[in-house]
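Dropping a structure here in structure tokens format, bear with me for questions.
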Amino acid sequence: MNTHLPVATTSAAIEVTDMTVAYGDKPVLWDVDLETPPGVLMAVVGPNGAGKTTLIKAILGLVPAAAGQVLIHGKPYHAQRQRVGYVPQRGSVDWDFPTSVLDVVMMGRYGRLGWFRRPGKAERDLAMQALEQVGMAEYAQRQISQLSGGQQQRVFLARALVQDADVYFMDEPFQGVDAMTERAIVDLLKGLRSAGKTVVVVHHDLQTVSEYFDWVTLLNVRCVASGPVSQVFTDENLRKTYGGRIAFVGRANNAEPTPGRISTPAPAIGV
Amino acid sequence: MELLNDLFFDYTLRTVAMGTAILGLVSGALGAFAFLRQQSLVGDAISHAALPGVVLAFMLTGLKGPLALMSGAAVAGIAGVLFVIAVTRLTRLKQDSALGIILSAFFGFGLMLLTFLQRNPDARQAGLNHFLFGQAATLLERDVMMMGVFGAAAVGLMLLFWKELKLLSFDRDFGASLGFPMTALEVLITLLLVIAIVIGLQAVGVILMSAMLVAPAAAARQWTDRLGVMVLLAALFGAAAGVVGTLLSSLGAGLSTGPVIVLCISVIALVSLLLAPNRGIVWTWLRNRRHAILATGLMGRG
Amino acid sequence: MSASLEIQLIAVTAATGCALVGVFLVLRSMAMMADAISHTVLLGIVLIFFIVQDLQSPWLLIGAAAMGLLTVSLVEALNRTKLVKQDAAIGLVFPALFSLAVILISRYARGVHLDVDMVIMGELALAPFDRVTIFGLDLPHALATLSAILLINIVFILVFYKELKLSTFDPALAAAFGFSPALLHYGLMALVSVTAVGAFDAVGAILVVALIVTPAASAYLLTDDLRKMLLLSVAIGAGSALAGYWLARLLDANIAGSMATMTGVVFLIVFVLAPQRGVLTQLRRQALQRWRFAQTMLIIHLLHHEGAPDAAVECRAEHLQAHLRWQPDFAAQVIRDAERSGAVHQERGLLRLTDHGRRLAEAAMVR
């Protein structure tokens, strides 16, 4: 082994060093360094094409990185898989797939089950518990195509919950959900934080960053800033991230979110 | 009635029906995964691409044994898939173009070899022509045995990797994040698909084999919302179409079995698309009409 | 004209017509629709044949074209029900209709000129025996039909060139300009159907796909210009047809199969060797890119950690090997090159950006 590898010098939950990703000759992430302490709710914000989804996928090893290391609680990612949960973008799967809500949630246990072993009663109980947590217990036997956008998102969250991870990565969990679901998800995330988990969320709505999160990473191909919302979610950093395209933003030093949204949120789909 | 009688007592017909049942079962079950992964037309490319493999295997070995021809078909089919993947990965051509190129160029090459071979009178007897539209009547017991062994292996592997294949078909990225090697699973399911196709070639032929992958799955999907039930139904539909198609074609002199079997499974698919409860077209239409009547009724009262 | 020359003329005419419509199918990602249509036109031919009992009747062409359009509509209707996806819809419709046609032929049309072998392989070698006289010219029937179809194709493409181009690359804009994308779509599909029927005589149902898709796909790897792509597609199609004819003569094999094989061979050559998009060029470019990318990565890394407290660790050659996953040789070479180009200089093992290097790095970051 190479002695220069950074061994758990800190007690960070997530430590990303020199992450560089390119699609062909197009760099998507340039030399990103990130250090996230345990027990925080972190938003990843940045303009479209900033590499937010790519950052998560590269951390999870879903896209090959040209360079860089990832440590989860001090150990390389592949050794810590069981401690990591993932919520992909809702639109990335075919919701007409012939399967039930309960079945999808049980998929969260597949990693622990390993090869060949089928989910049984234990898995079913855990999945039911998770569905209860997201308020979807009565939908357990529903076919997944019969769900609204918000319900689909809750199912994905329940699947992540049964992973029983310490670090969660969520790709736009608020995309296209109704206000009620958004509230429910926020409560859930805060619950996770109180349980000492670390949650990384790709987020679009700058207005709610101060309200929902305590940690933020501003990303635009490179990492502009990363740290506590109160320190790094500043006008200057936002301007650096979004360029001149910004008019009003929720400033960190006054917790009151100011009006004006940067990204147009997708229209909410009713429950 | 007489037909059923034959099925039980006519040895040849029983062998043939066994063979077509196996082919329908295996292609139905594995086709379901291709259908759900939106790879329905990949089977079309694989089966057309198998033709040069069959002919080359015959040219090289001079044998018409099932193992030689099936291996040839499998190798050519796999080569076809690899080409499709290479073309879509390395160029800006979309998958549909890649499939079109591979299926027509490979098939053309196979046809060229076949006609070249048939100038030689020995080869004309080899009955390779049957691989175009299939001739179930030429199935011998050893062919059926071979189909059974490979079919059982393919279905067995599918069941063994059930959970992982479900994950692959529904949410590839999530599966990868759990640490399952998704590319390896893709290779596995494609190899199983190739086996299903190769099993079917002699009875259904390279030209129509793809329908045996798509139609049973499309029919089964309409009746259920559970993957397990869907795969089971697809296998049953496939097997039923295989047996019924073989029996029907045995009535008409000189009819190839491929088109008859495909027509049978197409009828099953059509009925399912129209009549299946909840999803079926008729069902949806009735529901919409009832809503419309209800709505106008309410308006009338209001 | 000798029979051999006539066959070659027929082959080239068929290939040219196919290559023209193929360009639009490839660009619109509808290649497999050509596969479907080329199969189902057979059912149109058979049904009309039962009515008119004449294989020369122009009605066959019309019936076949109608069946092609019906196929497209069926696929689209099935797709709209959302019960199955587009690929499955194609995979359901055409095998059903094609099977029906094959059964009808073998049951009820045996002994007439229409037989199943011809459906697959075409009867190009026999084409010169079937003759018509047009304007006092004694021509093979197939040549007359195919020339007419080619003419229709050329006229359609010339007249609607602008609209086709726009609706292919930007359907939304085309609709905004008042060109109905649906009308063009069905016009194009009708054209594909007619072309498929015409070529069907010469090369058979399945190999029509080879003539439609493969030359157009090859051309797409050679140029970005629609006009050039059309011309290249035609040239490749016609060239493959001629080469295929001679290959078939040489081997005494089926002409259509050889033609399809040749389109495949040409595609393979283009796929590997195309100047801009060929596999070889791509590999070479990737190697070069990896190199340039490494240079940029180095200077951006240095910029990033310049003056930071961890600079003493981050800006060392050994660190690059560990963190950027570079092999020692590779890292050494990248650093040497960066030094030579004046972007970086070393001081006691510590790498520093020069002013020039800093400007380069900042420029690379902005993009």
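Note that the chains take the letters A, B and C in the order they are written out, and that residue 1 is the start of every chain.
The criterion applied here is as follows: a residue touches a chain if its C-beta (ideal position, glycine included) is under 8 Å from a C-beta of that chain, and two chains touch if they have at least 3 such contacts.
Just so it is clear, the model here is predicted, and its values are computed rather than measured.
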**Request:** Just say which it is for the chain contacts: an open line, a closed ring, a star, complete, or other.
**Result:** complete
**Request:** If we define chain centres by averaging CA atoms, which chain lands farthest from chain B? Would you check?
**Result:** A
**Prompt:** chain A to chain B: how many Å between their CA centres?
**Reply:** 40
**Request:** Provide the C-alpha centroid distance between chain B and chain C, rounded to the nearest whole angstrom.
**Result:** 25
**Request:** Could you tell me which residues belong to chain B and also touch two or more other chains?
**Result:** 38, 221
**Fill in**
Contacts from chain A onto chain C in the complex sit at residues 2, 4-5, 17-18, 20, 22, 24-25, 27, 30-31, 33, 66-69, 96, 221-222
**Touching residues on chain C, where the partner in the complex is chain A** = 82, 289, 293, 296-297, 300-301, 304, 318-319, 321-326, 364-365, 367
**Prompt:** What part of chain B is in contact with chain C in the complex they form?
**Reply:** 35, 38-41, 43-44, 48, 87, 90-94, 96-101, 103-116, 119, 132-133, 207-208, 210-211, 213-215, 217-218, 221-222, 252, 254-256, 258-260, 262-263, 266, 269-270, 273, 279, 281, 284
**Prompt:** Across the complex, what residues on chain B touch chain A?
**Reply:** 36, 38, 160-164, 166-167, 169-171, 173-180, 221, 224-227, 229-230
**Prompt:** For chain C, which residues count as touching chain B in their complex?
**Reply:** 26, 29-32, 34-35, 78, 81, 83-85, 87-88, 90-92, 95-96, 98-100, 102-103, 106-107, 110, 116, 120-121, 206-207, 209-210, 212-214, 216-217, 220-221, 247-248, 251-254, 256-261, 263-264, 267, 271, 277, 279, 282
